[in-house]
Structure formats: C-alpha cells, structure tokens
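Alright, structures below, take your time with them.
Consider the two complexes below, in which chain A is the common component and chain B and chain C are the respective partners.
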Partner chain A sequence: MTRFIIIRLLQAVVAIIGIAVMVFFLVRAAGDPLELLKNPNMTEGQYEAMKVRLGLDKSYGEQFIVYMGDLAQGDLGTSLLKQRPVIDMIKESLPNTLKLTLPAFAIGMTLALALGVLAATRRDTFWDQGVKFMAILGQALPGFWVAIMAVLVFAVYWQILPVAGMATPAHYVLPVGTMVFFTLPGMMRLVRSSMLDVLESEYVKLARIKGLPEKTVIWKHALRNALITPLTTLGLIIPGLVLGAVITETIFNWPGMGRMIVEATFARDFTVVQAITILTAVMVLGINLLVDISYAYVDPQIRYEKS
Partner chain B sequence: MLSIMPNIEDKTRPRISGLSRGARILRGLSLVIPATVLALMFLTAIFADLAWIGLPDVGLSPYHPNDQVLKERRLPPAFIEGGSTEHLLGTDNLGRDVLSRVIHGARVSLSVSLLVIFITATIGTILGITAGYLGGRIEGFIMRVVDVALSFPGLILALLLATIIGPGYMTVVIALSALGWAGYARLTRGESLRIRQSDFVAQARVNGASTSRIMLRHIFPNVLNSLIVIMTLAVGMMILAESMLSYLGIGISAPTASWGSMVADGRNDLDRAWWISTFPGIAIGAVVMSGNFLGDWIRDKMDPRLRQL
Partner chain C sequence: MSKILLQVEDLCTSFFTRAGEFKAVDGISFYVHEGETFGLVGESACGKTVTGLSILRLLPEPAGRIVGGKIILDGTNLMELSKKEMRAYRGKMISMILQDPMTSLNPVYTVGNQIGESVRLHQGLRDDKVEDEVISALRLLRIPAPEMRIRDYPFQMSGGMRQRVVGSIAMSCRPRLLIADEPTTALDATIQAQYIALFKDIQKQTDVAIIFITHDFGVVANICQRVAVMYAGKIVETAATSTIFKAPKHPYTSALIHSVPRLDRKDDRLYSIEGQPPSLLDLPPGCRFAPRCPDVQEICHKQQPPIVEISDGHSVSCWKVK
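For the complex of A and B:
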C-alpha cells in the first residue's frame, strides 16, 4: 500500500513538473512579454531597468532555473499587468469561486443521488423516462446558453432574481443553478446505471429475502455500494466544475478565479494564465491521487503492480 | 476533451423484445428525427451559399451573414408583433439577419468538429495501437500521458493557447485536439490488447510479418468498429465545445458567424432583443442532441459492448 502511494505520488510530481516545463516554453514561444509592457515614452534606461526587475535580462536557461526554483517555493510570479503577486490575486478570488462551487457541488450530488435512485428503482416507468430525458437534454444544451435563458426568464421577464452582485442569497440562485447544470446530468446517469447494477446483485436479493423493508434495502444496502463507481469518477468531474466556474463567473460577473483567467487571457497577462494552469493541474492530479488511494483502500483488488 | 461530462452510459441493455407498438414507433423516431436534423445541417452547411463554385449570391442564406444594415437593428422575428417576413428570425444589434447567420454558423460548427475528430482519432489510434501492441515501457509512458490528458481541464489549455497564439479557428482546432486524442488512445489500446492475443496475430507473426504491418493490417481493421462509434458520439461533444470557446471569445472571431459567438452577441440585448441569443442556442441543442441520439443508435447496432464506456 505504501509503495502504491509513493509511486503514484512520484508520478503526480513528474506530471506537474512536465506541465510546468511545457507552460514555460509555450509562453516563451509566444513572444516577448516586454513588447506588451513597452511604453513609447520610456527611456532606454527605464526599459533596461524594467527588464532587470522582471528578470528578463537573463538567458532562457537562467530564467528557467529561477522559474522552477520559485515554483518549488510556491512563488507563482507577479502579474505583468497589475504588478502584484499572482498569489495575492488568487487569495482574493478563490474564496469567491468556492462560494459558488461548493454549494453547487453539494446540491448537484444530492439531486443526482435522489433522481438517480428514483429512476433506477422505478425502471422503465414515467419517472425513469423523465430522468433520462432530463439527462439527455442537459448533456446536449450548452451551459452558457441555458444560463442566459435563465437570466432572460427570471431577471428580464419576471424580474424576480438579481443578475449581478453577491450581496444576498438571492444573488446566488442563478449562478449556483448554472453551476449545478454543468455536473448534474452526467452524475445522474452514472448513479442510475450503477444503482441498476447493484439492484440486480446477490446481496440485494439476499437482503430482500431476509425480509428487510424496501427502504433499508435501497438506501442502506444498495446505495452504499452503488456509490463506489461515481466516487472513482470524481476526478473526471473536475473539468466540468472548472468549465462551469469559468462560464458562470463570466456570465454573472462573479469576481472569482474563472473570470480572472478569462480577463488575464484577453489582457495577455502570461504569468496569471501560467499560474492558474499550473495550479489547476496540481489540483486535478491531487484529487485524482486521493481518489485512487481511497479506492485502493475500498477495493483490495487494486494494487500497484509493475507491468 | 472539452466535454462537460464524460459520455457516461447506462450499462444495461434496453429491453427491446417486450416493447409495445407505441414504444417501437418512438424508437424508430429516435433514429429518423436525429438523422434528418443532421442531414439538414449538413446540407445547410454546404449550400449556405455557393461561393465554392463562384456563386456567392446564390444559396439558402437569404442575406450575406455579415451585411450590416444599421437602420434595421434589432428587428423582431416574423412571428411576433413588429416583425416582417423580410427577416424571419429578426436581426441582431448590428442589423445582420439572424437566420442567415444561423445558417452560416452551421459551417463553422460542422467543419471544426469534423476536423478535430479526424485529427484526434488519427493521433489517438496510432498511439493507442502502438501502446497496446508493443506494451512495456512505451505503453506505460503513453498511458501516463493519456491519464493526464483525460483529467486536465481542456478549457484552461484553450485559454492558455488563446493568450499565446490569439483567438481564431486554428486555436479552437488545436485546443480541442491537444487533449481529445487521449480518449481514442485509451479505447484503441484496450482493443489492441485483446486482439494481440488472437490466433491470427500469432500466425502473422510466425509468417514473419513486420510489427508495423501487423498493427496496420491486422489490428487496425479490428478496432475500426469501435472507433466509428466513438467518432460519431464525438460530433455532438465537439460542436458543444466549439460553441463554448466561441462564446467566450477565444474561438471563431468576429465577424464570422458561429453559434457560440452569436449567443454572446445577444448577451447585452436580452431586455430588448431576446431572439439574438435564443435561436443559435436552439440550433446547438438540436444538433448536439441529434448527434448523441444517432451515436447511441450506431453504437447499439455496431458495438453494444461500448455501453460500458
């Protein structure tokens, strides 16, 4: 087990270093950031001073060593545009993103469980068809469009919900709703199919034969086992959450990480985009690692073997 | 891939035998309607105008998609008060005909998704078959990269690329291809692992066939079925992804009509011209859903095992 964890941990570190190296060269290949910052009124001396201050007077090799060294110490660099440490900007925006993501994740999971179980236990009935139809619709409609339609109906036409700002709970309804839309359909289908599998298993039949009430069978025996599959795909939900955060924050002008990276993209603020890319990679790999490890604890068949 | 969620499928087979007559008709419709929608979209994309044979003014599109008539801004669609049959779906904030732009948008969506699917399927299949057939360290390395690519948020990569090479058609294609190949690699590797064990591969090896010949002539034809299924299912996903990148402004840039950027164009006019954002979104939804239905149907016919993916 320890061996498994150590090897997976090393693999994750190698992957992160790989991504950091890739980002470094991609950004350098794009052109000189000095071109963007140059100001026609600058004297030669000021230009040189700026170059030294940003560390761009050194060769690529030296720059690379400084960059990797800073990264290893958790220094994500300074925003070219705002002239402040990226880490400070993230400290301001990350909580705002979490205020959307966490409630959306909790609501999405709860709904997915409730509706998935509902559909699986009433297979091929009206309820099942309804849930399946919702999932199909949810996976086909673009999230940004659904959010805009929600704004049209609730904020423009009926005027019962606010669109911008984050002052009252009502301000959270549309953004969180949009975020839920991004993860719910997939989760719902997954819970349904995994529940259907479990309901046909021997131990559920045994529980029924024992005469346990149907409620206990479904919610205690079946659901617990049906949850293992969705748990392992938790890593695959992260791209969905990132996507949801970026889209939701741009539509509702929410001051979080998603809007920050979109703004940095258009301002060509390389250091910010680079920092968020690396941070996201660390997060994704970290969560995948946790999922792998927890799964290895749950299921003794999974062990690291040298292939 | 820039999918919103991986295409998670129900493992259980539908109970076809006991279907009632009504249900059987519904099943039939679930093939006919999507196929019709996709065929219409295909024809629309081709015949939007005939510029490709030198007739830019002839075609399905009533106006040129980029023609601005500033006097006719935000005209409502024909079926509501104030609208006219001159502009069936109304006009946008620059006085461009919404219907013409929706028609031309089909071109972008279709060409991006087909191009990306072709690139990703080619790269993914080559790497997947190589990994599955050769095994060992090469397989270990390829599959680690696949793992990273599968869990990396494609949107972040697209944003990074957009800062580096700027928004545009090629940015979308590169961004969607850069991670999209991984799904194909994982699929074809799994299949190759299975096919590698079969007698005809052993026989080919005994007869002295080279490694590349075995991979091309013996393994590839046998993964083709699954490959076609996954490629069909990818059409909807790619159209959705393209529209999202264009919506964010890192995809197809103005003035070219793309469904995603049209939705973005109407964002600030929701209170006075709801139709600008609404119609392109309906087009996306209809086409993506048709693609998914058709993909499901092809999968059930060609390779029901793939339900487990």
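For the complex of A and C:
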C-alpha cells in the first residue's frame, strides 16, 4: 500500500509539472494583458515602468524560467490586475468554494446512494420509475439553465429565496442545489444499475438462504459490492464538481475560486489563472488518490494485490 | 426406516412473465426421511433448482410464485409460515449449497465473517463463542488450519476450498435438511469425489437429510439412497437408487442412465436422447416426454399418465406401466 501511494504521488508530481507548463503557454495565447491594463493617460515612461514591474518586459523564455522557479519554491506570484499576492486571494476565495462544494458533494452522494438503492430494491415500481425519470431529466437538462430557472421561480416570482450572495443559510439553498444537480443524476443511475447487478448475484442469494433479514442482505452484502463501480467513477465526478463550481459561482455571484478564475481569464490576469489551475489540478489529483485508497478499503482483493 | 422429515405434496411453482405463465414445477410430490440422501435428477431447466428454492420459499420475486401444494417439514407446513417465521427456518432448519463456489461467497468479507454471521443470527452467541463455532464448522468440512483460514477472503482460496466454506456455512447451525444444488458440478473430478465422500461422512456425524440435486446419475449412484427423476416440471419416476439402476421403468429414466459414460462398455459415441424438452409455456396435453419417447403409444399424446406405485417405494408415471 505504501509503495502504491508513493508511486501515485510521483505520478501526480509529473502530472502537475505538465499542467503548469501547459497553462503557462495557454494563458499567453489568450492575448496580451497590457492592452487591458494600458491607461490612455499613461506616459510612455509610466507604461514601460509598469511592464518592468509586472515582469512582462522579459521574453516568454525568461518569464517561464522565473515562473517555474517561483513555483518550485511554492510562490504562486502576484496578481497582474490587483497587485496582491495570489496566495492571499486564494485564501479568501477557497473557503467560499468549499462551503459550496462540500455540502453539495455530501448531499449529492447521500441522495445518490439512498435513491439508487431504493430504486434497485423496488425495481419497476413507482419509486424506480421516479428515480429513473429524475436521473434522465437531470442528465438531459443543462445545469446552468436549471440554475437560472430556479432563480427565476424561487427568487423572482415567489421571492422565498435570495437571488445571489452568501449572507444567510437561505443563500446557500439555490447554489448548493445547483451543484447537487451537477453530480446527483449520474451517480444515482450508477448506484442503481450496480446494485441491480449485485442483487442478482449468487452471494446475495446465499445471504438470503442463511436467513438474514432483508436489511442486512442489502446494506451489508449487496451495497459494499455495489459501491465498487460508483467509487471508480467518483474520480471522474470531481472535475465535474470543479466545472459546476465555476458555473454556479458565476450565476450566484459567489465569491469563490470559480468566479475568481472566470474574472481573471477575462482580465488576462495570467498569474491568477495559472495559480488556480495548478491548485485545482493538485486537489483533483489528491482526491483521486484518496478515491483509489478507499477503493482498496472496500475491495479486499485490491488491497492484497497492492501490498 | 426412520421418520419422514420432509413431505412435499402437489407442489406447483410458476414464473409469471410477459410471455405467460411458465409452469416450472407442476404438481410434484415426494418425501425425504431423516438422515437420508434423496436425489433429484433431471436435465437443465426441468425444475430441480426451482423445487429447492420453493422449499426455502426464496423464489426470485416478483416473477416466481408457489401456486399450490404443501411443504411439510417435521409437521410444520412451511407455506403457512409468516415471512419472519420462514426466515428463522432458513439457515437453521434448512440450508442450501449453491452450484458455483466461485460466485456464491461474498468477495468483500472474510470467510470467518460469512460463517459467523449465520452462527450469531441463529444461535445468539457472544463474539468469543462465535469464533469457536466458526472453527468447528470449518473443521466439520475438514478445512485445514481453520484458525488461520477464518481471516482469509474467498479470493485467496481454491474452488474446492471455497465449496467447503459454502458447506461450512450451510452446516454451521446443524440444519435438519440440506439442499445441495449441483454442488459438485463446478468442481473437477477428483475434488468432486472428495466432496461427496466428505458429505457422506458429515451425514453420519450429524444425521442431516440431504436433497441432492444433480443431472449426473454417476453421482446419484454414489451418494443417494432414493431418487426422483424429473422431466419438464414433473416427477416421472421415484425409487430406491438400486431399483432405479436395476429396473428403471420410465423410458426417460432408462435413457438418462444409458447416457452416463461408462468405462466398462466400448461405445463409439455417447448416447443422447433425441429432441429437446418441451417449452414450459406450451406443454403437450399428454405425457411430456411423449415427443421424444422411443416407446410412445397413441394415448401418450392425449392424456397424462397417472402416477402408479408398482412396488413399495417405486412409483412411475407412464402408460407403459400398469
């Protein structure tokens, strides 16, 4: 297991270096930030001074060396636009993003599990049809559209929920709901189909032959096996959650990292875009590693192969 | 002869699907003595397994249903028990061994956990006692070093060992009746012989009655005292094993016995019965074996033959026998 974790960590470092290199060149392909920062009242001398101060007077090659060097020391640089260390800006916005994504993830996964099991154990009944209908609807409708419609209905027509911001618990309802919408349907369908497969298995039959009550058969014998497939795709859901955060924070004017990267991209604020991209990559890779470890926990066969 | 433990009377089990009603088991009757091994023989899809699952009342829901008959175990009609009462019988009074040891154990729990679960449920023991019972169940099936194996997962064991674990689970609460559904079919020939010898031994120790479901008359000869031959949902012949081999009366029984490969005969090719069993959706009005029967008469196609007891414990359902 330790060996497995070390290998995965090394792989992650290589992946992060690759992402850092790619994002460096991609942001520069978006255009020159100086065009946006240039003030018509600036003198030629002031403009040149600004260029030097931002480090944009150097060639791409030189900029790249400085960037990678700083990165190696954990320095994410200074925002071109706001003139503040990027790390400080992230310290403000990351907790806001987590306040949105963590409850959404917890609610989404709990509901996916409960509804998936409900549908599978009551196959072809009203409950199952309901879950299937919800899942198809959830996967067919674009999340951003549903969010805007929800704002229209709950905040504009009925005025029972606030439109945007994050002041009170009521402010969390719509954005968290939107994020749940991004993760729930796919996971729910997966739990259902995986559970259906397992319920047909011989060991579930044997568990019933032993005389075990149905709740032990389902929650002990079936569920743990049924979780293996959804767990592998959990790693794929995390990037979806990041994307969901970008869209949700933009719609609800939520001061998190998602909105920050959108604003920074429009402003061609290279350092901010680079920093958030790299940080997101680190988080996604870290969660994937955790998923792999939990996978080994659920399935003993994997635990034994890897040790 | 010892007491009758299980009496099945006119059992009918059907599967209701969109295509119609499949009469998987259509009015069968038999009995099993205490401590006896009773063989239930027939080809695939003749209703053997469904009979076993019906006794446990564990048919795949909602399609499968027992539509008639009585299943009396030691004086209690299992059909009249509530779901909860029936659950208390499963694993404790009646157990079952499934065909494929590779899939019938749960891959994510240890062997000890899977056996201990039954013990805890039916015997209400404390944890430290549970482990002793688990080890004794493994020892009953002659699993070497049971103290070590209880912490193993199924994937760490061979097929033969896994089938012994399945046997340990079935025997852990010392049931009165064991339904063994082709327990040796998935094992190779040497392991098969060992497993059967093991069960003969266990039966001597525990006096458990066994319903041995198989398609293999060779296995029947080895372990069963009495045997019933099933064809398309009906029992066509019931007799003591020695009688069945010496004087089979139903043409289907003769054909089945004839199709067992033998080393002492020089046959060029294996004997096989012409044709296919009838569809359970569209059964012939007369004898179900008539379309494939070598001795078919006119009446066979029109009317179902009655079950006739021709001598003590030997009954046949065939127009040829009067």
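Assume the second predicted complex is superposed on the first by the 252 of 307 C-alpha atoms of A that agree within 3 Å, B and C clash if a C-alpha of one lies under 4 Å from a C-alpha of the other, contacts with A are read in each partner's own complex, and residues count from 1 in each chain.
What we mean here is this: a contact is a pair of C-beta atoms (placed from the backbone, for glycine too) under 8 Å apart; a residue touches a chain by one contact, two chains touch by 3 or more.
Keep in mind that this is a model prediction, so the values were computed, not measured.
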Should A:243 be classified as contacting the first partner (chain B), the second (chain C), both, or neither? first
Quick check on the superposed pair: does A:224 touch chain B, chain C, both, or neither? Answer first, second, both or neither. second
With both complexes superposed on chain A, which partner does A:201 reach: first (chain B), second (chain C), both or neither? second
Contact-wise, after the overlay, does A:209 reach chain B, chain C, both or neither (first, second, both, neither)? second
First (chain B), second (chain C), both or neither: which does A:156 touch? first
After superposition on the shared chain, which partner residues are touched by A:274: those of chain B (first), chain C (second), both, or neither? first
Which partner, chain B or chain C, is in contact with more residues of chain A? B
On the A-aligned overlay, A:264 touches which partner chain: chain B = first, chain C = second, or both, or neither? first
So chain A touches chain B in one structure and chain C in the other; where do those two contact lists coincide? none
Can you list the chain A residues touching chain B in their complex? 11, 15, 18-19, 23, 26-27, 29-30, 124, 136-137, 139-146, 148-149, 151-152, 156, 182-183, 185-187, 189-190, 192-193, 196-197, 233, 235-240, 242-243, 246-247, 250-251, 261-262, 264-266, 268-270, 273-274, 276-277, 280-281, 284-285, 288, 307
Please name which positions on chain C make contact with chain A in the complex. 56, 58, 87-92, 95-96, 98, 100, 103-110, 117-118, 121-122, 153, 155-156, 166, 169-170
Interfacial residue positions of chain A with respect to chain C in the complex: 201-203, 205-213, 216, 221, 224-225, 298-301, 304
Residue positions on chain B within touch of chain A in the complex are 2-12, 15, 135, 139-140, 144, 147-148, 150-157, 159-165, 236, 240, 243-244, 247-250, 260, 263, 266-267, 270-271, 274, 277-278, 280-281, 284-285, 288-289, 292-293
